[in-house]
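I have placed the structure first, in the form of structure tokens, so that the comments after it can refer back to it.
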Amino acid sequence: MTWLNSHPLTFLVFAPALLGLLLMALPHSVGKLTRLLGFLGALAVFVLSLAWLLGRAPGSAPLAEHAPWFALVGLPVDYALAVDGLNLWLVILTTFLVPLTMLGTWNSLKDRMGTFAALFLLLETGMLGALVAQDLFLFYLFWEGMLIPMYFMIGVWGGDERRYAANKFFLYTLSGSLLWLVALLFLAGRAGSFAPAVMAQAASALPFAAQCWLFVAFAVAFAIKVPLFPLHTWLPDAHVQAPTAGSVILAGVLLKLGGYGFIRFAIPMFPQAAMHFARPLALLSVIAIIYGALVAMVQRDIKKLVAYSSVSHMGFVMLGLASMTVIGTQGAMLQMLNHGISTGALFLLVGMIYDRAHTRMIADFGGVATKMPIFTTFFLIVTLSSIGLPLTNGFVGEFWILNGTFLSGFGWGRAYAVIATLGVVLGAVYMLWMVKRVFWGPVNPDEESGTQHLHSDLNAREIAVMLPLVVLILWMGIHPRTFVAVSEAPVTALLKDANAPAIRPLVLPSAPESGPLEAAAEGHGPASHEVHP
Amino acid sequence: MNKYFWLIPVLPLLGSVFNGLLGKRAGKGAVTFFGLGTVLGSLVLALAAFFAMKGMPDHRLVLDYGEWMATGTLSVPFGLVIDPLSGTMMLVVTGIGFLIHVYSVGYMHDDEGYGRFFSYLNLFVFFMLTLVLGSSLPLMFVGWEGVGLCSYLLIGYYYETDFAPDAGLKAFLTNRVGDLGVAIGMMVLFAAFGTLTVGDILLRVGHLAPEAGFGILTFATLMLFVGATGKSAQLPLYLWLPDAMAGPTPVSALIHAATMVTSGIYMICRLAPVFTLAPITMDIVAWVGAATALFAATIGLVQRDIKKVLAYSTVSQLGYMFLGLGASGFAAGFFHVFTHAWFKALLFLGAGSVILAMHHEQDLFKMGGLKSKMPLTFWTMLAATLAIIGFPGTSGFASKDEILYLAYLKSPALWVVGVVAACCTAFYMLRLFTLAFLGEPRDHHAYDHAHESPATMTVPLVVLAAGSILAVWLGWPKAFGGDFRIEEWLAPAVTYGQLHAAHGEHGSASLAMILASVSTVLGLGFAWFGYATYRKGLAVAEARAAKFPFIHKVLLNKYYVDEGVELVLLGPIRWFGNLLWKLFDVIIIDGVGVNLPGALARVSGDFTALFQTGRVRNYALSMALGAAVLLYVFLK
Amino acid sequence: MTGMDAILHGGLQGYLVVALLLFAIGLAAVLLRRTMLMQFMGVELMLNAANVALLAFARFRGGDLQATVFYLFIIAVAACEAAVGLALIIGLYRHRDTTDSDRTASLKQ
Amino acid sequence: MFLAFALITLLGALGMLLQKNIIVAGLFMVAAFFGIAGLFVLLANPVAAALQLIVYSGAIMVLVLFVIMMLSSHEEEAAQASHPIQRWLSLLLALALAAGGVKLVMASKGVQMLASRGAAVPPAVTLQGVGAVLFEGHLLGFEVAGLMLLAAMVGAVALTKRNL
Amino acid sequence: MSITPTEWAALLPLIFPTLGACLIPLMALDRDQATAKWIRGAMYLVALAAVAAGFWFLTDLWKSGAQPAFHQLHMDRLAQFSGIFVLVAAAMAILQSWDHFHQEGWVKGETLSLLLFSVTGMMLFTATTNFLVLFLGLELFSLPLYAMVATVRHRAEGAEGGMKYFLTGAVASSCFLMGGVMLYGLGGSLDLTLAAQAIRAQGLGADPMVMAGAALLLLGFLFKVSAVPFHQWTPDAYEASPHPIAGFMSVATKGVAFLALLRIFPVSLLGMGAAGARMQAALAFLAVLTLVVGNLTALVQTNVKRMLAYSSISHAGYLMLGFVAGTPAAFTGVLFYLVIYLAMNMGAFGLLTAYGLVGEHTTFEDLRGLGWKRPAMGFAAAVFMLSLAGIPPMGGFYGKYMIFKELVGTGHVGLAILGVLASLVSAYYYLRFLVALFLQAPSTEAERLASDRPAVHAPLAGATVLVAAAIVLAGGFVQAFLADGFAHRAVSEGLGLLR
């Protein structure tokens, strides 16, 4: 017990993996039992994470563990874990989505479900570890370690093109992270440590060009994960071929790690280079937003459409991060959670209909609303969240990101914001157009069509899976402060370090002595313009 | 009492949630109770709030319910603001909304999705009230998008049909394009003022020298105006409104005539001081309004579907309102919103009554002679028709006259356009009225079964008819000796925060009188023309149409705008999306960027494997070459 | 003695040149001949080349006996190589009925 | 003398390289070994010369010739036409190696130093001397050589023993 | 001529394998080995006992920290390290060969004897700086290997592979010998360290003869590690030989060649100055070539053994990069890498045995769907392949990590980038192994073969595979223990670097 008290994070991170390894040892014949055990374990981890991370007395010290681990070739590697404002909710999102996804795809797999559950738990460890790691080497380990279970999940249980998709996923991600490793080794060698703060210091001593190269290496690795245009092409294949659970976790958590990497490492470690590259990054993000939306629009497979929509949505995250403003970055933080919930829910829903109809082609459906009203309702709500309707989570994030971008000091920021807004429109176009073709209209008369195979609406288990997601969608839309209040301080500090440019208001008061304005401003909330010292 | 005002929007939301979740199981009685009860409660509370607001010294009641989305320097509270502008609008929404709820009880009585319908309708009231009462732009935006959503849901209410989902989709997407403008406008305003609370913006804008933020304010207001054109169906984003008639008729009345479509005007009134500082925008607003008024009116001349005629009429009337706003007549524009709400809702509900009587027949050419069968509908429709063509003494006369007068002051050309549109309006409204109620029945089967609607439907008709006439009380034009009191009433709202309140300059009374007389006489003349053309049936009209086949065809096909949009905009976008996917994603990035290196690696692997010939002499040779390399490196 | 003189008149250079030429010829035999036995004899020549160089160096280092000992071992190695190599060639001959190394090339790519 | 033995050696080797008939080639090689033995004599190393004759010419070459006979592969090699690249490149490399070898020897300062410093003919190597050095300083090597012979024997047996 | 106890301590680890090697042929003499089971078991027991005894003495020596010597034989830490390395590989090979020879339906004691001779030679090879002993060690471990490749006599490929290995190997050792003679000639001593000192003393550090000698010497090592372009025997020999022998060759030959190279080049020839720098340049160039050719060719192989052969070639490239970096830390990394490489490759070849793939049936097709049939083996396979590809948290990653870290630290960023790109390519073909095992359904052909084949039980091979997997995982999770406690001490205390 005392060990647990002093190592709660270690427990949270490694408990799933231990359970997973244990489950792997069980024979295939008890796959159903294994699945159940896996689910219960994941659920317990979720409950514990809630209790330990959220149920803490206010003002108590942040959860952190730190111990020297080993030193190879003279480079000390620390075992440093911590939960702070930047990763708290991402951790909870992870622990939340894993059991939920297990429940949501309870009957989707026919064989080796026990092994699948075990891999899933291993993956959870990878994700949690990467999220809480405070040492870059440790982070790298978890980051790469995540690939392995995901590779098998796609490769073994995926669709017809699963081998291609799995290999592509693996090699694509690996290519980025290997180059990143070289940069990491270069910098760590200079710094003599893998601690981000120490490495940042070493980086600041390097010439600017070197900083830029290092930042690019970091950024490419993270951008592949995000995925940022034009490094996104692994995503549609991986998403489409992966089993539902894989897609959910991929969209829900794995992609977030890219954005998280930026905000945790790339930007704070190379603030000047980050500022230097903010503009190209923002440009790529805007392209991703528009491009993803346009390509999503012409997809014929629902899952692929959702996959491309991820490209578009994650483009918003990157845009927010590239804005280098508190509002934009906070928006990106929220948008990461949003996307995890909304797109995760969408993939779950697509999986539910696929389990029934065994097709995902839009043309195979039509009139689904008549057959499955409850399903339709859920789908519609999630769709609305995905297209950013106000009072759902999607809106707040996108609004902040766009405002932050508009305010950002680098040139063309305003143009980027305006163009990115177009993505919101396009988002509605492809989502609702798909909804129209799938759900509305008369029931598809073709006997072979997917709609004809829909014999049952959602059952209690599936509703139980969707309800928490819907609640979260609304909660995050109505009270986003719950989820971003903790990151406000770290983000502000981070941007202070990054020397983000001061934002000047566009309109200056006509007269400096205009007393009434100031008075009025003080009376009606914050009046100061976004100005960073 | 004040502490319950938050219930004004929330009550309908509760009704909506109840009806949505339990509507099917609870039965129609419960649905009716919750659906109507919540709106009625909201109406009562709105009245209370209205009078509470009147009691405040500055006619302004600000309610704050905590923070919604705050980060960095951005702060957006959940706040309601009740002032004359929003108060009036709130009453229109709850009042007419309630009436239409009542009407729907009858109209939707036999529909399977009764609960679903009321859920959507309640939800709409919630969002509309949020739009109206929201104290900050983002909160208004909640309502703004929310009503769009409800519009989408309600237009596509008959989702098993082919056309309704299409219409709903079109409505939502067109609105989204407009919302884009609002979103950008908000960003600009936030960047300019550092706040998004309407009150704060107005306070700050009031302290600006007129030239200080000229360019940026023009941009912001233009963007907001783009939003307004979407929501309020102005050129070029009006396309969705005629199609929106696919929804049930009460929806057309409430959303697509009385309330939602006027939110663009409402928003501009809300930010009137900002718009005032952007004269270019104001010009554009006026001209777009005028053009829309005329454009839609001409299309309305030849449409056969009764609801389509009304839809184009709505577009046209909304154009008037923008014309008024553009001419700095915020009060006039808003007054037209107010009056239009009554008579257009009435027209739609009357049309709904007719449609129901005719067993969902909407073709005017198949109606006729319903006067005797449906007396109550006939008389109320007559009142509405008189109001919309601006018959002296009706509310429409007052509001339209004021707008035309202000338009003249801005530019006589605008006045001319407005009058021509008014003439068209008079013509097609009388055409509609005549074809539906007068003359001989043209479809006897339907005619024989037609009957007056039940009380739940006719009572709202009567109330609305009374409103259509009596609303004039609020703003009898000064030119005719009235006091146009609505202007004074709204003044605190539209000039809030202004150091120097902008007052519309009025020309001489005689000029106003002359203009009004000319337009009224012309209008009535065209009204008679319409009546005369269709009094004897369709023959005369068809003969006339045959004389101008080209114009008739163009008008009948609504200037081919839908086809044009598909050809010029949607088609290319889809083509481009396909291009990006197939060419850029699949061939360039995946092919050249990903698979080509892979293939190259394989090909070079095949190449290097060629050296593995299996002959040991070759192996020795390569070793010898390696030795040569080594020796070279060491000896060089 | 320097230069050509040294080479032609039995100086150290001469022995070394002989050794290196021998080495080259041995290598050429491995590279140019296809009969495995000939290639094997080429290898023997290369070993002998090393022997010549070794003993030449030893002679000019005042008759270093270490080198002669080493030479002894090299002969042993050559003998061992001969044993194993010839055994392999015989083994291969039993399967393929040829001593042509170019025709025993089933393992490739 | 040196020139004569050197020529015998090199011509013997060349003959082996160029001779099509494998038995004749083997005999050329024996000639080369004789030449080498002669060189060893000139190097004041009669022990090595004797060993060269006994072990190389006597034992190893006989073994080789024996195998040649056994495999009855005295057939001449087919004309080499198939791999011109292999042939010309090999030739080029061998010539380069030869030329490079000469150049190397000429260019090496160390060789010159050694040649001039050790020009005096040392006393001839005797078997006693070799034995003393062998058993004093190279006991390990001696043992290992023995092992190696054993290993080679075992290997040869493993590869060729008739009865599996 | 008495031998002191310390000299015995240096000799004993070699003596035991030698004894075993001598004893086994006696037992195998003129027996029908296929039927006389007890004698077969006895041979294996003797071989294992010989290896175990050697191992026991060496670990004892390691623990005591003593570094005894006998004449030119220096049993220092590095030699002890390599001895343990070789003996573990040999033990695994012996255990696997029991199963494998059983599957092939044929057993020969001579093979075990040759293996033990080879082990002795390898230990000798890494334990001396005397060129005479070095050369003898090289021959002592090479000659048995030539024979072992061809030990499956009923396969024509066996003899072919052996012949190719022999001919190329003989050429290489001739070159090696020539190089050593050149150094002897100018240095005047058979001990390379002394020769190097003498050469420097005479100012002949950059003499062409010295340089040529060094180059030819290096060639010998590069041949043994199968660096491009001295690599072409590798796939043929591996394919020809029985799986355990192929594994042993891939691991032990490469390992001892690198260890001896480490002793000779950076340390013993350090005195000559220029040669060290030239060696690094040459190694850098050839490492690039090795990585590119090895990985690309591995990409297109259909035979698993050939794939593993090319993979071992490319691993030689990574290890050479460690020499290019040339720092003591990099050498520690090389040693650590070798330990993991031992486990990975012995494991991978052991898998083929454990899955009962015999003869030519070692293509990817033959592996299809096997991963699910024996989950423990499948798990181990995943560990090996991911480790070979250098994916964390496997041990293989840390080897690359240490080498690349030093490479970057010494300014060879370009080489490091090339190295990681090469390992990206390698990931593809390692994944292909896993694709076949897990992601593909068994082919009908594989099913048929599996049903035709007598029920294969390879408990010993399976056990070695699991042990190997455990070592790889240990390399991933207690990497510091292996690196600091083992590899680092071998470098620092054995070679006197870092002291």
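For clarity, chains are labelled A, B, C, D and E in written order, and residue numbers in each chain start from 1.
Throughout what follows, a contact is a pair of C-beta atoms (placed from the backbone, for glycine too) under 8 Å apart; a residue touches a chain by one contact, two chains touch by 3 or more.
Bear in mind the structure is a predicted one, so any value in this text is a computation, not a measurement.
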| item | value |
| --- | --- |
| Given subunit C and subunit D, the chains that contact each of them | B, E |
| Subunit B to subunit D, fewest steps along touching chains | 1 |
| Remaining connected clusters, assuming subunit D were absent and nothing shifted | one piece |
| Chain nearest the global centroid, as defined over all protein CA atoms shown | A |
| Distance-maximising chain from subunit B - centres being C-alpha averages | D |
| Subunit A-subunit D separation of Cα centroids, rounded to whole Å | 72 |
| Interchain centroid distance [CA atoms averaged], subunit A/subunit B, Å | 36 |
| Intercentroid distance (Cα basis), subunit C paired with subunit B, Å | 98 |
| Centre distance in Å when subunit B and subunit E are each reduced to the mean of their C-alpha atoms | 79 |
| Set of subunit B residues in contact with two or more other chains | 609, 612, 614-618, 620-621, 624-625, 631, 635 |
| Residues within subunit A bordering two or more other chains | none |
| Multi-chain contact residues (two or more partners), subunit E | 132, 136, 139, 143, 146-147, 150, 153, 159, 162-164, 167, 171, 175, 185, 208, 212, 235-236, 300-301, 428 |
| Contact pairs between chains, per stated definition | A-B, A-E, B-C, B-D, B-E, C-D, C-E, D-E |
| Residue ranges of subunit C touching subunit E (in the complex, touch as defined) | 23, 26-27, 30, 36, 39-40, 43, 46-47, 49-50, 53-54, 56-57, 61, 64, 66-67, 69-70, 73-74, 77, 80-81, 84-85, 87-89, 91-92, 94-96, 101, 104-109 |
| In the complex with subunit C, residue positions of subunit D that touch it | 1-3, 6, 9-10, 13-14, 16-17, 22, 25-26, 29, 32-33, 36, 39-40, 42-45, 47-48, 51-52, 55-56, 59-60, 63-64, 67-68, 70-71, 73, 77-78, 80, 82-83, 86-87, 90-91, 93-95, 97-98, 101-102, 104-106, 111-112, 114-125, 129-130, 132-134, 137-138, 141, 145, 148-149, 151-153, 155-156, 159-160 |
| Interfacial residue positions of subunit B with respect to subunit A in the complex | 67-75, 77, 138, 141-142, 144-146, 149, 152, 156, 159-162, 164-166, 168-169, 172-173, 176-177, 179-180, 183-184, 186-188, 190-195, 197, 199-200, 203-204, 207-209, 212-213, 216-217, 497, 573-574, 576-578, 580-581, 584-585, 589-590, 593-594 |
| For the subunit B and subunit C complex, residues of the former touching the latter | 609, 612-617, 620-621, 624 |
| In the complex, subunit B residues that touch subunit E | 598, 601-602, 604-609, 611-612, 614, 616, 618-620, 622-623, 625-627, 629-631, 633-635 |
